[in-house]
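Contents: one structure, followed by commentary.
For clarity, chains are labelled A, B, C and D in written order, and residue numbers in each chain start from 1.
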């Protein structure tokens, strides 16, 4: 089976190849574009599933791991190895990314049908898919980082797809720059790691940097502030992950990224790209969990991850409550759920975090596609206050959207969201470091339930608040999306429901698969499901969810909303707080005020410096050279020329005078000779020879 | 005034007269004559030293003078031949007209 | 002996001065002859007979005749009339005066030679001949060669070529 | 310094007698004066005699009686001429250069008299015993050329100038062969002083003949050359072109008359006597008797006899030989006499070099060698030169 690993590089290569070909195909070849993109991704999906199946039968403490490394670059006596790895974590992610990607590709053929840049769109999509698959299976931090950057590029291109819209262009730039800030941390970590361990390959038959000896060595060294080297590296990696996954300080770009087409939002800002950050932390989990010998307690890196996740969850949920744009609410929900994933990773480890990531991928993709269908149906209308009553007009969309909403909110038992969130809360509850994340998690769950019900009520219940008298005009009437859009919705809805059953406490299949060491798999065991402590937790979370739903229904469901301009219910209750939340807690303004101003200040300073100091210097030098040139010329003009000319003139005049003596007349010569002889005689006689 | 000094004074005067003539005369031939006078003065000088120098035994002095006389004769012959040839070309003997070598 | 010497010396000097200063060229030549004769006389008083006779034979006999011939050959109307001095007139004599003064000063200042004017007999011609042909043999040969060369040279130089100006005469057949 | 003992050589000669009256400091001057006076007196007398002899001789040659009106057989003719010369007006041309014109005759006569002082007339009869007597004689002879020029140029007369130029050219070109001829005798005698040369001719050949130089091949050649030179130097006979009466009437003497003309004539004849006297001393044994048995006759007599013989020879020559052209004269001197002179010297050297041969017939062989050395070129040169020169038409460079 391990020959499959040799072919594994095809998985990312095919979409990238497709992207390359599509970049060259002319615009009108839409069929080729769609076919090529979907075909290559389908192939990757088949390969990924085959690879996943091959990893199932593995036994052994770490589960299946097959590694393929090759030397890529040698300079001096250093060589840099790249490679890819097939282990449970990467296999699961490969399948998830390719499956969700395929579904969204199919969906976008329908959604983007009307757009003239169809081929370019699919080219970018293939580029993104290839890059994401490469990130997932990379065995070397360099390859991972390269793919990571490619993903960032793809997200920039896709967000700014409609670059005619200035908002889209600005959003793309903002996304790129913010994730870039995060990437700096990752880059620094990479360099430091290389310096510390001498290799960037994760698993290299014992020499890899994530394997026990290297990690132990890293944990052994302490850096400033008592932090161990591994902890410091982890924090830097966390910075990169936070940037890419839109955690609190760097989350500002994600809501704005909604400017891109909805399939993009679904693919990138729900399922895959944002999950990359979480995957990165999962991949480098041994680094995060590294502990110097004998040290007990939760390692500081994991504590940071947990707290970061909890805070982001609550923060984003609060903002989502006050949003009026359909996709922005979902965006903030994604940020909140990513917080939950980090929380899961921090408290529960890889399995817990990854389980929620998988489930979230499915139902968030579903919600986004649903929103896309709604927007498509309402001809581009995104403000929920002008929507309403679509339940009747778009029954399939309403049904699938409702499933997605319930999975997200965490309605118990049937939906996967409940199980993955429950696992996180369970882990948070038993987290030894501090109970804080557990309570934040509960409050977040409450808020999630509340803003989802608010959104569903606004969109699907009550009268249609869109164009007045809309029903009479056929063109303007919101209509159900064609099957090309609804079938992917149905598929995703099925995934949202079924996936939950893999991770229930009774049969933690997924957890066992991801981390066989921690979770022994002995077959379905209802006992664990009904154990006292588990039941208590499940009851608590169910209560919280139901409370959220009720609160949401109470605020918005009781009276049908008819006036699009009517103030929000919450606004009536808490106008100040609500307005604050609506303005996204003025984080952007904060950044605007601090970072941007500071940056422009530095830029201005740089400009002034450049203009005056360097410019001045250049002018000075120029002046000097010109002056010197003038000096040289003057010197030459007056000094040398004149001097030379006068010297020549004098010489010539002397010459003529001398020539005058050469009269050719013999007597003159004779006299001269005799005078000379006399002088000589004089000299001899009285010159001191007496 | 020992006889030697007397002779030397006379030869010096003769030399001076010869030189003055050579330097002032315009006619080339007389310049040659002046030179001849200077040569005779030299001979006089040699003989004076020979006579009063105490070496009268050795015949080197007169021998030397004979040679000087011979050379003077040769020199005059050639000089005058040149002057005659030059006269035929230029129709003049005035020295200061012979300035074709003017610088 | 002194009187003879002084008379001859004075005569010679006067003749020489006249030779150099007279306007008429032939007179100059003749005074020149007188000067050479005077010099020969001086040689006699200084006891060098052969030299005196050689002096007379060569200078008076040959060279003066040569000079006279040259003067006659080259005497043109212009020669008589032209001003015989090369301007600036005073320069020549002054320079000559300077040189003579120098010589006289040298004579005056130099330490006297030991007074050895014993009237030993003049060198006989035999000794002079032996001297010439033994110690001075190479010089004698050289002077012989020189004289021959001078003779032939003078003849060739003075040969009459057709003067470019007249051009009427054909060269000798 | 003049040698004082010249005059008091002779046995009881007058010099000793009156010497004691002359203060010592003056004696050298007095002796010199006495010598000079005798020479002048003797040769002036000889001059007079010669003029008479010459006129008589020439006349006899030309078959006419000659001067016979004045005195017995014209003997007083010279006195008459002299008187005539003194009485004639001494004309000086107006344009003539006073100094040069008047000094010329003086410069002609005085050097010749000086020259005569060197010649040994008798055994001890030489006025001036000089070590380089011959050179002195030649030097004095050279001065006369200057006199000639002064005469020619002084009289401001084109013809006299031309005559002077020709005379000077002739004199100078014959100076060289003359000197070479004299050189042969000097080579033999080994000394330049004339008495020494006469002494070198002492001794007699076995037959009693005197060992004169003339009886040697080079001696004979030398004498012939010397006498040819003498005739040219004295402007006589074949070479008397300068004052050839027929062409340019006395040449450079054309402007002279009266006493100056007489002086010139005196100078000329004195020159003749001088050169013939030297010729005699060099080759004809000077005052020596020809034969041993004639030795008792006093030396001056022999000298006078030989001198008169020479004078007769020249007079005879003058009467019989035609005059030479100027260019023939020149060719003859430079191209004929000069080489022969050199050959004569060579013969003399050969003669001396072979002096040591004493095998049988040695003297004959030596005679043959030396004689051939001179005679053969004589024939060859003579035929080649004179024949060629004569045949070619003469080219006048200036005249045409």
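In the analysis below, a residue touches a chain if its C-beta (ideal position, glycine included) is under 8 Å from a C-beta of that chain, and two chains touch if they have at least 3 such contacts.
Just so we're clear, the structure is a prediction, and the values are computed from it rather than from any experiment.
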{"item": "Chain nearest the global centroid, as defined over all protein CA atoms shown", "value": "B"}
{"item": "Most widely separated chain from chain A, with each centre as the mean of CA atoms", "value": "D"}
{"item": "Distance from chain C to chain A - Cα centre to Cα centre, in angstrom", "value": "125"}
{"item": "Averaged-CA centre spacing for the pair chain B and chain A, given as whole angstrom", "value": "120"}
{"item": "Chain centre separation in whole Å, for chain C relative to chain B (CA means)", "value": "5"}
{"item": "Inter-chain centre distance, chain A versus chain D - centres from mean C-alpha coordinates, in Å", "value": "148"}
{"item": "Residues within chain D bordering two or more other chains", "value": "none"}
{"item": "Two or more partner chains touched - positions in chain A", "value": "665, 667-668, 671, 674"}
{"item": "Residues of chain C engaged with two or more neighbouring chains", "value": "47, 50, 54, 62, 69, 86, 91-92, 95-96, 99, 103, 122, 160"}
{"item": "Set of all touching chain pairs, with the criterion as stated earlier", "value": "A-B, A-C, B-C, C-D"}
{"item": "Residues of chain A touching chain C in the complex", "value": "665, 667-668, 671, 674-675, 677-678, 681-682, 685, 690"}
{"item": "Residues of chain C that touch chain B when the two form their complex", "value": "2, 5-6, 9, 12-13, 16-17, 19-21, 25, 28-29, 32, 35-36, 39, 42-43, 46-48, 50-51, 54-55, 58-59, 62-63, 66-67, 69-71, 73-74, 76, 78-79, 82-86, 89, 91-93, 95-97, 99-100, 103-104, 107-108, 112-117, 120, 122-123, 127-128, 130-132, 135-136, 139-140, 143, 146-147, 149-151, 153-155, 157-158, 160-161, 163-165"}
{"item": "Residues of chain C defined as touching chain D within the complex", "value": "1, 24, 26-27, 30, 33, 37, 47, 49-50, 53-54, 56-57, 60-62, 64-65, 68-69, 72, 119, 122, 124-126, 160, 172-173"}
{"item": "In the complex with chain A, residue positions of chain B that touch it", "value": "19, 22-24, 26, 28, 31, 95-96, 98-103"}
{"item": "Touch list for chain C against partner chain A, complex", "value": "86, 91-92, 95-96, 98-99, 102-103, 105-106, 109"}
